[in-house]
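Please find the structures below.
Two complexes, one shared chain (subunit A), two partners (subunit B, subunit C).
Right, the complex of A and B next:
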């Protein structure tokens, strides 16, 4: 048992860190709460290094309800990296806030939930962990409780989130009822009861809707732009880069491992959702004036690309989708941290300004905040898929595997979409470097710069040395389809 | 013994009532009530299946989901409280500043 517990050393470290931060925060005066940010970041860093050092270990724990394998390790690292970026950047964001300890405790608990979803081997554990992450992020989205936008974002996220939880649970109840088990491999073994019953379709539809809301696939996306725009930028980073990946890994486990026998039913649904999502996201993003909202729609489009992995279902495509999840974590978290830095700049110009995320605030950013502007350029070009960045490599793997498997039409739509997306990404760059501003240079806060540099390093690491990452993502994909189909 | 179809029918009806309420109601509290209905419909299913499969997992799952529903309600009320303090109403029609 003790050995099994060691498999979950990273999660346990985070649990302790979260509780410790929460307790210590009670006894600190507001001015001294900055130390909590450092504590939380160190805790996440320790968890990250524990996960990296235990790469390659495999095992089951707690009556086989949790499993550690290549897939769970990969996604745990995605979540931990995102949490690290967010927590470093939040050192500046939470400065002088008397609720700092709650912010860090909630973001750490959300990360723990995501990590347990990645290792869940039982639908019950998966659902509970899924809810842990969701509940923590509902509260985080409404963290600025004197800010109307933040509250509206939290309310919309909460209503849609609880709707999706109810649908998931209803779907799970049918799966449990017909297969008689909640274990994910057990469901796959008893699938005939489900695939021969009309309830199977009901369950698939409900699960698809439940996860579709979390991943923000069109037509289940309505909450995403509002929430990403209204929530504090650092929280949007956690939502777009972390919480969305949680939906993806959960959907991987449920659909590809447990419900693979019902493939004919959900594969075509994912094909339609992927195409609609990427097209809608990119087209609507074109005319946004709020950068956060634009990033939200671009995030929809990226989720559409990742969903292509569900359609193609070859090891290479799944590897591409998994690699895309990692790259998207770096790119999107970084881009949202940039909007946090810009919001800080705007608020230091004028304390009462409301539209901190308007694209006009990016005018002359290349002069005012050179490091932030340069990182933003790198992130948006990576999101568009310019070579030598993470975005290019993961798109390359995903799209080429799609063509190889005979889904050329899908790849063509995805590539056309990437071309459309370049327009609005380039618009941000134009605002930052080619439009003049008469406001002077602002000194960039160190925490934001540090968080941005980590994200930039990740984007370039995957872009320049893709082989180890692709190999690693392929190993994770092999967990999903052991036989290689 | 009551046939299981009746339980599934009951839970489907309750789930649909919840879904209908969620889509049509404009008051924050009623929305929360609708969500509770949907979650409890799933609980009925879990317990009924558990009893018919002679397997306790479903009942344990139902207990977990009741606890989660309580947490969810707590967070929901907290958000609604914050909104009420700011605007003096929890009518969803008045919460509309974020839109494209």
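Right, the complex of A and C next:
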């Protein structure tokens, strides 16, 4: 048992860190709460190094309801990296806030939920972990209690989230009712009753609606733009870069492992949703004036690309999708941290300004905040898929595997979409470097810069040395389809 | 801890210096100049130690590479060829940086200057260290970008911005050829391996390329009914890249305009970092050139032609920096000629040519820095407004005269007395004679000997017009500060003595660069593939050994008579009515021919006329499409009402629709 517990050392570290931060925070005066950010970051860093150092180990625990394998390790690293970036950046964001300990505890608990989803081998454990992450992020989205937009964002997120959770549970009840088990491999073994029943399609779609909410697939996405825009930028980073990937890994486990017998049904569904989502996301992003909202739509589009992996379903495509999840973590977390830095700059100009994420605030950012502007340029170019960045490599693997498997039409749609997306990505760069501003240069807060540099390093590492990452993502993909269909 | 293990630091330190200076330079004194100076000094020490090591054991080259992705790698290779280049580049660049402390002290954008020169140096060092052609190309492009930034350093001046653009675009023509060569080479190698490349074989690494030269040479393509070997096409494409970078005819047009940057940048470009890259590329891939029928002859002829062509224009320029620019083009022609002569003397050509490259770096850097010193003091670049500068700037004058003697090639044949340029340039001219004697092709030799006369003439014209006679305007200058004169003196020592001390040792050292642990190329066998007959130096007639000196002395004499003692009235020669003067002064109307006629009339107007019709159609189509997409975006935006009830409705509708859709699709399939 103790040995099995060691498999979850990273999670346990986080639990202890979260509780410790919460306890200590109660006794600290507001001015001294800055130390909590450092504590949380160190805890996450320790969990991250524990996960990296245990790469390659495999095992089951708690009556086989949790498993550690290449796939779970990969996604845990994605979540931990995003959590680390967010927590470092938040050191500045929470400065002088009397609720700092709650912020860090909640974001750590959300991360723990995501990590348990990645490890879940039982559909109920998966649901509970899913809800742990969801509940923590509902509260985080409304962290700015005096800011109406933040509250509205949280409430919308919460209502639609509850609806989706209900659907998810509804879907689970069908699956349990017809297979008699909640174990993920068990469902796959007893699938006959479900796959021959007309309820099969209903169960698939209900599950899809539940996960589609987190992944933000059209039409389950409508909360996302409002929430990403209204929530504090650092929380948006956690939602777009972390919690979205939780939906993806959960969908991987449920559809590809448990419901593989219903493959035909959900492949059609994912094909429709992928095309609609990427096109809708890119087209609507074109006309946005709020940068955070634009990033929200861009992240819809990226979710559409990743969904292609479900349609193609070869090891290479799944590897591409998994790699994309990691790359997207770096790019999107970084881009939202940039908006946080810009919001800080705008507020330091004028304490009462609203719409801190309006694109006009990015005018002349190249002069005002050179490091932030350069990082943003790197992130948006990576999101658009410019070579030598992580975005290019992931798109390359994913799209080329799509073409290889005979889904050329899907690849063409995706590539056309990438071309459209360049319009709004380049628009940000235009605002940052080619439109003048008469405002002064602002000193860039160190926590933001550090978080940005980590994200930039990730974007370039995958862009320059893709081999190890592709190999690693392929190993994770092999967990889903051991035979390599 | 062997110093070889730190070879990778040679380009990395200046690259790091670039980052540091770029971000923090403004807050430091002198624009943070100390960072690149320290970095390049360290690189120089490492390079020097590695070179000394290699001199003792020429076999033990430094070679480290690791996998990049698939069959490509990133790696470093320090063989004799790379070692001497590294040492020269770091040394010259270091001196130029020190000199810049004084020269750039009044410029507000100092930190940007030092950041960019550090990156320039780093890219060049990366280029030299590359052990594969792709990495070399990447650094090659980086060098191009830096040159663009530095030539356009004073981008407020329209002329500087134009010159930067011109340099970038002209060299781009060569770069595209170079890249096409790499692509062709890659496809050929891929074919040779039948697409199954074993692990650990990096197909664009030089050792792999060189070991497959016979197979590539066996592949043929038919162009205009002629059977041409692939190796010829690849090498000529590579040479196209070298022509662009090294300012050979007809892509030399960017070099004189590149004078718009600070003079120190000109020194860096002309001596150390940019133009030598082309010569280095040909030297690096020399085993491919010698296996390629007629490629080396193209190199030799074009080099010789460029040498004399540029020298004639050097005679009539009045801008002190432009004279030097044409001089660089001419000397690069000599280096290319030296490599081309490999058709007769084999790998020895690499040694001879590189030796001239190194010596040229010393005296050309010196010439530019002296010119910079003069311009700094006098405040003009026009030699007609100078005269008598030697009286106010004795150190500058003395060092510049030494550099001029080195460029002119003064020394006594058969002894070790002589300037560095004498040893290297005469070696090339004598080899051209051997080439002529063995192949019957005398044109390169004749061109090179006449160019030697012109070289001596234009450089002493510059000396006499600038330093002697009476001051023609009231400029009132003063000697430059020590940070500027000390680098001058050091370079002058090298221009005087390096050639005499190093010549024999250097040539054998570099000529053996393809015989070591990393690559082992049998040049003689490859030359047979290329159809070249290698011969050996015989005993040239005494007159051949003395002739270069005689013509150089003649050039000096003419310059002294005409510009020093004014025995001829120049006003009659220098007039718009003299057709030869007019032709030369207008630089053979290249600008009219290339820029105004070819680029503007033929390419620009012709293509744009043809393109306009197609363009309008596409414009309409693209405009219509983008309007459509933008409009759709705008109308879809309306869906997002903000009311959470609608969101919930969308979810429920989505679920119902999806169930129906899947059912329908399943039925249809």
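We adopt the following convention: the second predicted complex is superposed on the first by the 485 of 485 C-alpha atoms of A that agree within 3 Å, B and C clash if a C-alpha of one lies under 4 Å from a C-alpha of the other, contacts with A are read in each partner's own complex, and residues count from 1 in each chain.
We adopt the following convention: contacts are C-beta pairs under 8 Å (C-beta built on N, C-alpha and C of every residue); 3 or more make two chains touch, one makes a residue touch a chain.
Keep in mind that this is a model prediction, so the values were computed, not measured.
A.B. asks: Could you look at A:135 and tell me whether it touches subunit B, subunit C, both or neither (first, second, both, neither)?
C.D. replies: first
A.B. asks: Look at A:269 in the shared chain and tell me whether it touches subunit B only, subunit C only, both, or neither; answer first, second, both or neither.
C.D. replies: A:269 sits against subunit C, while subunit B stays out of touch.
A.B. asks: Touching A:163, do we find subunit B (first), subunit C (second), both, or neither?
C.D. replies: both
A.B. asks: With both complexes overlaid on chain A, does A:180 touch subunit B (first), subunit C (second), both or neither?
C.D. replies: Once the two structures are laid over each other on A, A:180 reaches subunit B alone.
A.B. asks: Could you look at A:223 and tell me whether it touches subunit B, subunit C, both or neither (first, second, both, neither)?
C.D. replies: In the superposition, A:223 touches subunit C alone.
A.B. asks: In the superposed arrangement, does A:155 touch subunit B (first), subunit C (second), both or neither?
C.D. replies: After superposing on A, A:155 lies in contact with both subunit B and subunit C.
A.B. asks: Under the stated touch criterion, which partner chain does A:95 make contact with: subunit B (first), subunit C (second), both, or neither?
C.D. replies: The answer is neither, since A:95 touches no partner chain.
A.B. asks: Looking at A:349, would you say it contacts subunit B, subunit C, both, or neither? Reply first, second, both or neither.
C.D. replies: neither
A.B. asks: Intersection of subunit A residues contacting subunit B with those contacting subunit C?
C.D. replies: 155-156, 159, 163, 167, 225-226, 284, 288
A.B. asks: Across the complex, what residues on subunit C touch subunit A?
C.D. replies: Counting only subunit C, the residues touching subunit A are 67-70, 626, 629-630, 632-634, 636-637, 640, 642, 644, 646-648, 650-651, 653-655, 658-659, 661-663, 665-666, 669.
A.B. asks: Hey, which residues of subunit A end up touching subunit B in the complex?
C.D. replies: 124, 127-128, 131, 135, 138-139, 142, 145-146, 148-149, 151-156, 158-159, 162-163, 165-167, 169-170, 172-174, 176-177, 180-182, 225-226, 229-230, 284, 288, 293
A.B. asks: For a test of understanding, state which residues of subunit B touch subunit A in their complex under the given definition.
C.D. replies: 11, 15, 18-19, 22, 28, 31, 35, 38-39, 41-43, 45-46, 48-50, 52-53, 55, 57-58, 60-61, 64-65, 68, 71-72, 75-76, 78-80, 82-83, 86-87, 92, 95-100
A.B. asks: For subunit A, which residues count as touching subunit C in their complex?
C.D. replies: It is residues 155-156, 159-160, 163-164, 167, 201-202, 204-206, 208-209, 212-213, 218-220, 222-223, 225-226, 264-265, 268-269, 272-273, 280, 283-288, 420, 423, 464-467 of subunit A that touch subunit C.
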